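Per-chain residue numbering starts at 1, and chain names A, B, C and D are given in the order in which the chains are listed.
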Amino acid sequence: MRREAIMRWLLPVIILVIALAAVPFANDYILYVLTIAVLMSTLAVSYDVLLGLTGYLSLAHGFLYGVGAYTAAYLTTNSGWNFWLAMLAAALMSALIGAIVALVAFRTKGIYFAVLTLGIGLVGFQFFLVLEPLTGGVGGFVGIPGIPSLPGLADDPSRNNLVVAIVLLAVTYFAALVFLRSSIGAACLAVREDVTLAQSLGIRVGTARLAAFTFSSAFAGAAGAVFAAISNFVGPDDFSVMATGFQVVVFVVIGGMGTLWGPILGAFLVVCLPEVLRGAATYSVAIYGILLLFFILFAPKGIAGAVLALRRLLPARPASVTQTARHSEAR
Amino acid sequence: MSLLSIRGITQRFGGVTALTDVSLDVEEGTIHGLIGPNGAGKTTLINIVSGLVRPTEGTLSFNGRENGPWPMAHAVTLGIVRTYQQTRVFMGLTARENLRIAHVAGAGDANAEDLIDALDLGSSLDRVAGELPYATLRRLSLALALGLRPKLLLLDEPAVGLAPDEIARMAEVIRHFHGQGLTVFLVEHNMRFLMELASRVSVFDRGRLLFEGTPEAAQGNPEVIEAYLGRGLKKHAGN
Amino acid sequence: MKRLLATAAIAALLAGGSTVQAEELVLGEIHPITGPASFYGLVMSQTLKMNAEQANAAGGIDIGGKKYQISIDTGDDQAQATKGVAAFRKLLADNVHFVIGPLASAVAPAIKPVIDARPDVLQIIDGSIADGVVNGKNSFRVQADADTYNDAAIDYLKSKGIKSSAILTDRGHQGFRMSEQRMMKSLKNAGVNIAAQEYFQMGDTDFSAQITKLAASQSEALILRGYPGEGALITKQAQQLGYKGQIVWEMGAPPSTVMKNIPATQMDGVVNCIPRMMADYIRLNVPNAIKVADAFHARYGKDAGENAAFSNDAFWILTTAMQKAGGVEPGKVAAVLKDLKVTDVPNLIIQYKPQENGLLFKNGQAHPPSACQIWHGENWASLPGDHLDLTTKN
Amino acid sequence: MIELLPQQLVNGLALGSSYALIALGLTLVFGVLQIPNFPHGELYMLGASFTYVLVGYGVNFWLAVPIASLGVVLVGILLDQVGYRRIDRGGNLSLMIAALAMSTVLQQVATLLWGAEPHTTRTPFTGILRTPYFSIGIYQIVIFAAALLCWLFVWLVLHRSRLGLAIRAMAQNRTAALLMGIELTWVRIATFAIGALIGGIAGSLLGAAFPIYPTMGLNPVLKAFVILVIGGVGNLWGAIVGGFLLGILEILVAGYISSQLQDIGTFAILVVVLIIRPNGLFGRAEVLR
């Protein structure tokens, strides 16, 4: 277990240090790309609690990310709320809607769960288009106030945005760790591995699943709130199923399901890859599909799994909590 | 005082009647054996008592209070915990993580140390369940059930597929926890294993309760022998 | 040590540069170079690069006594908001102060907040007809706005004395959707009763429900506002369901794309009211249009797309404004743009309608002429009495 | 507005026949093999694209349809052998993720090959049948007939051939089928081939009625899943009836309420049905695998 604990803490701290170190030299463009990568990591970590830890594939999280963005946008722009309060409200709103979605979706089993969440993701996108008075419809929500500057960063909004995003990622990562360590986390692991056995041990399967879904929705909402503030504008396209909704699955599967730190690697790779390899941009979406297919076929434990396997080859301390799809039962 | 009383339980799956009007009592603090040929309805009864399946007819009551058939989640809160005929553990997790889940599910009062020692799991705690040998997995699945500190443990053929020395160790474990006040409802094929442990035994044949009494009485009873050892072997029954 | 000194000396000589050495002026552009929309965006980027090559070949552009060699820094937005903002910030990080584009209506509103916050950046939009993306201070637009499309269709209805019309709009088209309220008002002022207002979306395959209602409402005209794929499908289904009224399109629909989706015979009589595109200017043999089209074909071996005219004009308008401002300071160039006259700019293809006292822009928006064309045989043809007055110096 | 009802019902049947065709192909693979075949939408798109290219080269439409459909069968079998078969042991989660990944890859490959500009195959029938109560395109009748013919074809294969018997055996109980010496790999390939064939035919025919986009498969396959929930997975007749039902319902929603709610209405049905019957209207209790 110690090896696992080190990986769980060591790697994120390294990423954090690199990000903070890169901050002074980076120009606006690199800062923006890093901020998006950190936001996507927040989404990926919270989504991993549902997909990697509990074994449920939801395609409605693009929509929930949007709910957070529009809620925060509305509160800060029209009702004059302070950003931090609006972010909290956005997280609560997404958590609430996520819980409702979960209560409906968890009545189904197996493939129907994913199909139902895909349906909810598509319908949610339509609502962003149709509810024009609230969301600005296809024109998008304009004029969203930026993030209030932290002390010392008043003159440099791009750097300020990155630091705020990193703070949110740290909070999300820590919360996910607490969730994993908690009794609910253990229950989720049991649900992922064998629902019937979990029930026969008296685990309240319903509560565990609902907690995992609501947790991931809440932080998706918070990430949406930050995204809205740093872009000062949000349009429906960012929240469609095949945009963020699908990408978050790619982050987690490539990164390593169930490891929490793996998806951060996945998010950084997938967000920064097209920016670094200019040519890659041409086929970026194709690359997402191919990467996802490659990893699910040949390396279901993702990059994290590979890293752990390497570490396992060295000293003889086996074991990881990261058993993933290979052993998961039908959802 | 009977801890568990089963009254008039019948179970039909479409045309097949698995259990017909079964009534029996399990006394508190005893090890109650359940034997019968394959397809006699033993596992079906366990599924009903554990709440996995709702019976077509009949009632159950626990600790004297009239509870009727109950869902699995409720059964566990009453203190009724079961194991499965085919070994069922969280294959993808390590033994330690398996135990932690039982620890969490049993509302956290289970001190794992005594379980680990009693079931000799110390050496395989950090190994992934999927990589453990069969006998260790059987003990792990038992540890999961015991981790919930049950009042009534429903054991579905704990000795199946084990080597003689492992069977002895399994009997030792059951005796150890029975000594701490655990009531056990033991379904088993292995007659000698059952006879050593059970103080009372119910014999099933084709879904009906054939006989109930002490293990010795059951061994001598002609109907039990006929049902259990098959028609043709009646004359060898005398040993 | 000596070698080091020598190389330093040579470097200094080169860097110092004699007066003959031309300055370098970087113009940024942001278009979908990759992804599904690259079909429309790539030609715009290529037009700008071609113009820069021509200007450089002729010794560069003389601004305030200095000759500038033009280089184009391309940002690829893939027609997506987040990628657009990233590409735009990359241009700003490359110290670019002048940006032409975008094309996608998803990108224009997304980069607007960044532009509004940077007065030292000057944008000329050559593609997107999105609503509310031009501030007239440091963002201008040569491309038509959605109202130009709507007004062209309304003028056509007035010219035909049509008294009732139904409107079908693509829910995903930002420009048409956001300008709908203004269009409804101008329709009422033109005495046209709105029989029905319905929506569709890219990828929809069936409109029979809406069309059946429209056919029953006896509306004399049906205006379709969106993209040619769905436009062709609705036109086919309308005829099939017996709709007899006049079908009016508001969409950029090159004949080749149209005929890929509907047999030419079923298009007869359909009218398309849009700003004049590259093909129209070639057909009406505007000299610059033919010059640019031939140069583009020679350079890239394919036809210049619909919006190539707008990219070409954006290039020359920007460079002319710099020459009149005598410098490349964005604030000064923006001031010149506000008072630029249509006749001040050479090499224009589009014959902009002069605003008050001949100005090119009004609140940052130019007014490209629009015209309705009717489909005959295998192409859009001018309506009788259609004429084009040449407003630019040629 | 009631006088419009006959025309709207006919519109519903026409739309329904396209949904039925797509659902028929999906119900086979999903019902028999328990594989959540998201890329079935892309097989439908490939059928349309192949036909468009063939007709573009001058191949007669009625010759292009079978050729294109066979091409789609090859792609379908490739999907199964490269993707699903390698994962089968990993449980539903990996199957779903692999299906999603293959869907995206096929969409991107189509975008690179044929671009994103909308194009429609030239239909052989442009005639229109007009009656006093409704009018309908001849080609829509062809599609309606094709849906029924395809159903008949699949029904005959399943119920009147040795292959069909093997497929149904495998659907009932995979292990039992194995014990009876049924060559599972071949039956699996055959099932995928028939599913892909129907998907290819649907694409080839409908590619002449609607514009072809690389992403045209996502929405129809999702509606096919809705139909499977209504009609019951693996139930051939359920797929056809469910398809027509959904088509009529969508038209009535669009016609009598508002066209904005057409898609929202469809998924509202899905949500309601799954709340009442988590395993679908006619679904048998799905055994957790």
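Assume a residue touches a chain if its C-beta (ideal position, glycine included) is under 8 Å from a C-beta of that chain, and two chains touch if they have at least 3 such contacts.
All figures in this text were calculated on a predicted structure; none of them were measured in a lab.
Just to be sure I understand the contacts, which chains border both chain C and chain B?
A
Can you figure out the chain closest to the middle, judged by Cα centres?
Here the chain at the core of the arrangement is A.
Report back the single chain whose CA centre is most distant from the CA centre of chain C.
The chain lying farthest from chain C is B.
Distance-wise, how many Å sit between the C-alpha centres of chain A and chain C, to the nearest whole number?
It comes to 37 Å between the two C-alpha centres.
List the centre-to-centre spacing of chain C and chain D in whole Å, with centres computed as mean CA coordinates.
Centre-to-centre distance between chain C and chain D: 40 Å.
Centroid of chain B to centroid of chain D, CA atoms only: how many Å?
49
CA centre of chain A versus CA centre of chain B: separation in Å?
Here the centre of chain B sits 44 Å away from the centre of chain A.
For chain D, jot down the residues that touch at least 2 other chains.
Residues 111, 215, 219, 260 of chain D each touch two or more of the other chains.
If you look at chain A, which of its residues touch at least two other chains?
Each of 130, 196, 283, 285, 326-328 in chain A touches at least two other chains.
Give the residues of chain C touching no fewer than two other chains, as numbers and ranges.
171
For this structure, enumerate the chain pairs that meet the touch criterion.
Touching chain pairs, listed by label, come out as A-B, A-C, A-D, C-D.
Can you list the chain D residues touching chain A in their complex?
30, 36, 82-83, 86-87, 89-94, 96-98, 100-105, 107-109, 111-112, 215, 218-219, 222, 225-226, 229, 260, 263-264, 267-268, 270-271, 274-275, 278-280, 286, 288-289
Using the touch definition up top, name the residues of chain C that touch chain D in the complex.
Within the complex, chain C contacts chain D at residues 36-37, 39, 171, 198-200, 202-203, 205-206, 208-210, 212-213, 216, 227-230, 232-233, 239-242, 257, 260-263, 266.
What residues of chain B sit close enough to touch chain A in their complex?
Per the touch definition, chain B meets chain A at residues 50, 52, 72-73, 76-77, 81-82, 84, 88-94, 96-97, 100-106, 108, 126-128, 130, 144-145, 147-148.
In the complex formed with chain D, which residues of chain A make contact?
Residues in contact with chain D: 51, 55, 57, 104, 107-112, 114-116, 118-120, 122-123, 126-127, 130, 195-196, 242, 246, 249, 253, 283, 285-286, 288-290, 292-293, 296-297, 300, 325-331.
Chain B touches which residues of chain A in the complex?
Listed in rising order, the residues of chain A that touch chain B are 1, 183, 186-187, 189-190, 192-194, 196-204, 317-319, 321, 323-324, 326-328.
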